[in-house]
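Take this structure first; my questions come after.
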Amino acid sequence: MKKFINDPADVVAQSLRGLAAAHPELRVEVEEGYIVRAGAPQPGKVALVSGGGSGHEPLHGGFVGPGMLDAACPGEVFTSPVPDQILAATKAADGGAGVVHIVKNYTGDVMNFQLAGELAGEEGISVETVLVDDDVAVEDSTWTAGRRGTGATLLVEKITGARAEEGGKLGEVAALGREVNAASGSFAYALTAVTTPAAGRPGFDLPADEIEAGVGIHGEPGRRREKWRPAKELVRSALDAILTAKSFSGPVIVLVNGLGATPLIELYLIYGEVAAHLEERGVTIARQLVGNYVTSLDMAGMSVTLCQATDEMIRLWDAPVRTPGLRWGA
Amino acid sequence: MDAALARDWMRAAAEAIAAGADGLTRLDSAIGDGDHGVNLHRGFTAVVAALEKSPPETVSEVLVKSGATLMSRVGGASGPLYGSALRAAGKALPATPEVQPADLVTALRAGLAAVRKLGGAAAGDKTLIDAYGPAVDAFEEAVAGGADLAGAAGAAARAAQAGAEATVPLQARKGRASYLGERSIGHQDPGAASTSLIFGALAEVA
Amino acid sequence: MKKFINDPADVVAQSLRGLAAAHPELRVEVEEGYIVRAGAPQPGKVALVSGGGSGHEPLHGGFVGPGMLDAACPGEVFTSPVPDQILAATKAADGGAGVVHIVKNYTGDVMNFQLAGELAGEEGISVETVLVDDDVAVEDSTWTAGRRGTGATLLVEKITGARAEEGGKLGEVAALGREVNAASGSFAYALTAVTTPAAGRPGFDLPADEIEAGVGIHGEPGRRREKWRPAKELVRSALDAILTAKSFSGPVIVLVNGLGATPLIELYLIYGEVAAHLEERGVTIARQLVGNYVTSLDMAGMSVTLCQATDEMIRLWDAPVRTPGLRWGA
Amino acid sequence: MDAALARDWMRAAAEAIAAGADGLTRLDSAIGDGDHGVNLHRGFTAVVAALEKSPPETVSEVLVKSGATLMSRVGGASGPLYGSALRAAGKALPATPEVQPADLVTALRAGLAAVRKLGGAAAGDKTLIDAYGPAVDAFEEAVAGGADLAGAAGAAARAAQAGAEATVPLQARKGRASYLGERSIGHQDPGAASTSLIFGALAEVA
């Protein structure tokens, strides 16, 4: 395994130290394990806290800042954060108006946030949880862990972040987050497996002409293995999966997201195919974002996310945001 | 079982996890995200350190402290699950220096209930419950049959291992492996494997 | 070779189509081969035009917009653009106040821009050329092709872009660009080789425990092959190389740049090491940027660039910029 | 040589480049950026199309049009270099339907001078000049010795190939390969190899 690290056991903390040095507008508590806006808490503002395993950067730490998250708590690589650090981040962010936990639907994330939420409640902080489960590759069923949270996390964080910034109340911000999630669907393909620093070897072997369809963002194999196909066909299949699982009629926000090692030249090519296919199907695109945002270390792969957007969502999408990973209007 | 033996159990579990970490990670790479060995290794190393720093005087406290430490240091799915299992088990024990095998039956059941409640999984979902459940049954049966701690622990360890191996043909319905659907079939569940190691550690020291 | 493409021969054009769809604020001329701000030309403003082979995205097309480039011309992957397209971009950008060509020092880029500059001159457009050659891995010598242009290109484009935006005259903007380049040094490491769509196989084989030191951004091997070492040591060697080749005393702008497949978690870790080492050596950091900006397709690797910055350069660095790849203050 | 033969030369060159593209790319992968074969293949395909679309009537025009097409379609280092070489060669020829071997000596020399001027490289820098230079010398010598076009072209082709092979032990001082320093030693220069193919094509049709 070759990576730019010193010690596999200390990657997250050392990376956080670099993040702290690079972004003085953030307060990074390396020992306690959270990142919060330098001026937090903001009295009277509903605070947004997210988190999850590390290795998905810029998600979540790179989305802390005006117009998006108030705090983020990164766990070890691909490992949900522990309740203590979620609690610490929640307390650091809480400005008295309550805290929204934005949680990707993974058993570990759900349980750790739940435990932290209970602890926060005991300390008198009102916590609402928004669960993100947009990955249509996984069947939605109450008998299983349900769908994973992937690309839509960015949309939920951006849109609720804007609403919280302009004074949205706790219940309203959380409801909006759930609405964005419900309106979103994602599908991903991987071309390569990923090597976590701790494991030191790829999670699976993938022959030179095969790809994984329906992968998540933790280096796990996908729902099925397929032969490589041209981008046009992969995009068509991904959009089929999304449009079958969720019905879209109005304008959509599109995220073409790289899983880490897919270059922009390919991501833009993919976006071109997405735009062409959606036009064919009569789905109009209101807004779009192309880049590496919700990643899986250095996995070569991509996900497409569609969110059927209301006018309000689009207005909030356009609102200023100033974070290391996403920035406009400010 | 006294507090010293309980601490020995946790130390032996830590050693078994350390020795088996690579194997657990390999199992988790196949159907999960490849961190289970590292997660538990980090957690049990912290447990041993915490127990050494200020050794609790009762079995109950040993288990509660171990559970709380796992909860605060592991993360992922296994941290809260093992953390609340040990915490619930410890809380179900009397605050006496020594506890009897029958007390441990109650404690282990309380731990299992906590895992079920937090994780929502049932037997056959291909999770650590598939090793934990049979282990508790075997422990209880042995105690009912008059076995001492060593005998009951041995029976539990064998049942846990058999339960872990029996997860191979199952399709996962909970946890990360469930995302693989049918592709989860044919692999042992990493959490069931680590549960087997922890019961094995108990049999070793009992 | 697995990539998200349709046809290796048509990657650049198809990617440009996606870029056009994703960024209506740009005018993308796919056939003619250039990208220009939608409102171009801006009468009376000195125009900045850059270009080079594709595969370095967001460089250069992603840096077109207010506060940075007026136009960019992407060649085939790793292949300098042809004079015709450079000329077309130059004409599309020229607002009558002259055009600065920002050219990375590669034989192909230099010659094609030179020929285009002569053609533009024949059409009455004043062209000044700023040559970027910051890569200290290559010895500077008049007997060879000299040093390559790498990370400093971003600094030259950002800083001169800001000066041109506020009304800088042709000679002055070009002189500033040369000053930024002269004040900059870069050094890069690669962990993997890169596969161009056309070649279909990696440019070289790299054993699992070896890295290439002193690589460029075209997938070529580096100056030497080394054993993998911890990030701390690689950073020390890179900084040694830069600080030996160029003398730095005052505040610097630091760019920690990913070559494409190196995840942010590693880039931030690297930045942490850079900040620590520079502090040890008494070099103060005025500004910093961490991310994938001057890439080499999906090469796993990183470069460090230092620029000894004047107050004026820092002021211009801070000025608003609004491009797909770099955005702040706007 | 008449215009038809000149067009045949370009067509044969295009075929040789197409057949050799993979090999050229492999050479360029070793010490460059792996695009030389693709670059020239794209360029010569365009040359053949341009010559077919409106076939020029003089050798001079064939070469000027071919050079201009390479210049507009290839990019990289080789585009401007081969482009200006052919353009300069064409411009140095009389505008007659047919030209003599001695005219071609002058034209080839003009092409070489254009490459030298634009690229600034000298013999021994491990560039296409190391094939082009010896080829022109051999062509001139053969013509001086009374050889016809076929004889002179054959001599040039052999010299170009020998020159290309002789680039192997050289350390590159120009172009992309120069960034490799000593590591450029031991590999043939891709541009010299393609020059050898182009002179080979001339020998084939002459």
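All chains are identified by letter, namely A, B, C and D, in their written order; residue positions are counted from 1 within each chain.
Just so we're on the same page, contacts are C-beta pairs under 8 Å (C-beta built on N, C-alpha and C of every residue); 3 or more make two chains touch, one makes a residue touch a chain.
Computed from a predicted structure; not experimentally measured.
On the document's contact criterion, could you list the chains that touch subunit A and likewise touch subunit B?
Intersection of subunit A and subunit B contact lists gives nothing.
Which whole number of Å gives the spacing of the CA centres of subunit C and subunit D?
Taking the average C-alpha coordinate of subunit C and of subunit D, the gap between them is 32 Å.
Find the geometric centre of each of subunit B and subunit D from their Cα atoms only, then give the gap between the two centres in Å, rounded to an integer.
Distance between chain centres, rounded to whole Å: 74 Å.
Per the centroid of Cα atoms for each chain, what is the distance between subunit A and subunit C, given in Å?
Computed value for the inter-centroid distance: 29 Å.
Express in whole angstrom the distance between the two chain centres, defined as the mean CA positions of subunit A and subunit D.
About 54 Å separates the centre of subunit A from that of subunit D.
In subunit B, which residues are in touch with two or more of the other chains?
Residues of subunit B never touch two or more of the other chains.
What are the residues of subunit A that contact at least two other chains?
In subunit A, 77 touch at least two other chains.
Applying that definition of touch, give me each pair of chains that meets it.
Here the touching chain pairs work out to A-B, A-C, C-D.
List the residues on subunit C that touch subunit A in their complex, please.
For this pair, the touching residues of subunit C are 1-7, 11-12, 14-22, 54-55, 57-58, 62, 77, 189, 191-192, 208-209, 211, 228, 230-232, 234, 260-273, 275, 288, 290, 292, 295, 297-298, 300, 302, 327-330.
Which of the residues in subunit D end up touching subunit C in this complex?
Answer in residue numbers: 25, 29-35, 38-39, 42, 71-81, 118-119, 173-176, 178-181, 183.
Applying the document's contact rule, which stretches of subunit C touch subunit D when the two form their complex?
53, 75-84, 106-108, 111-112, 114-115, 137-139, 143-145, 148, 196, 198-199, 201, 203-204, 216, 218-224
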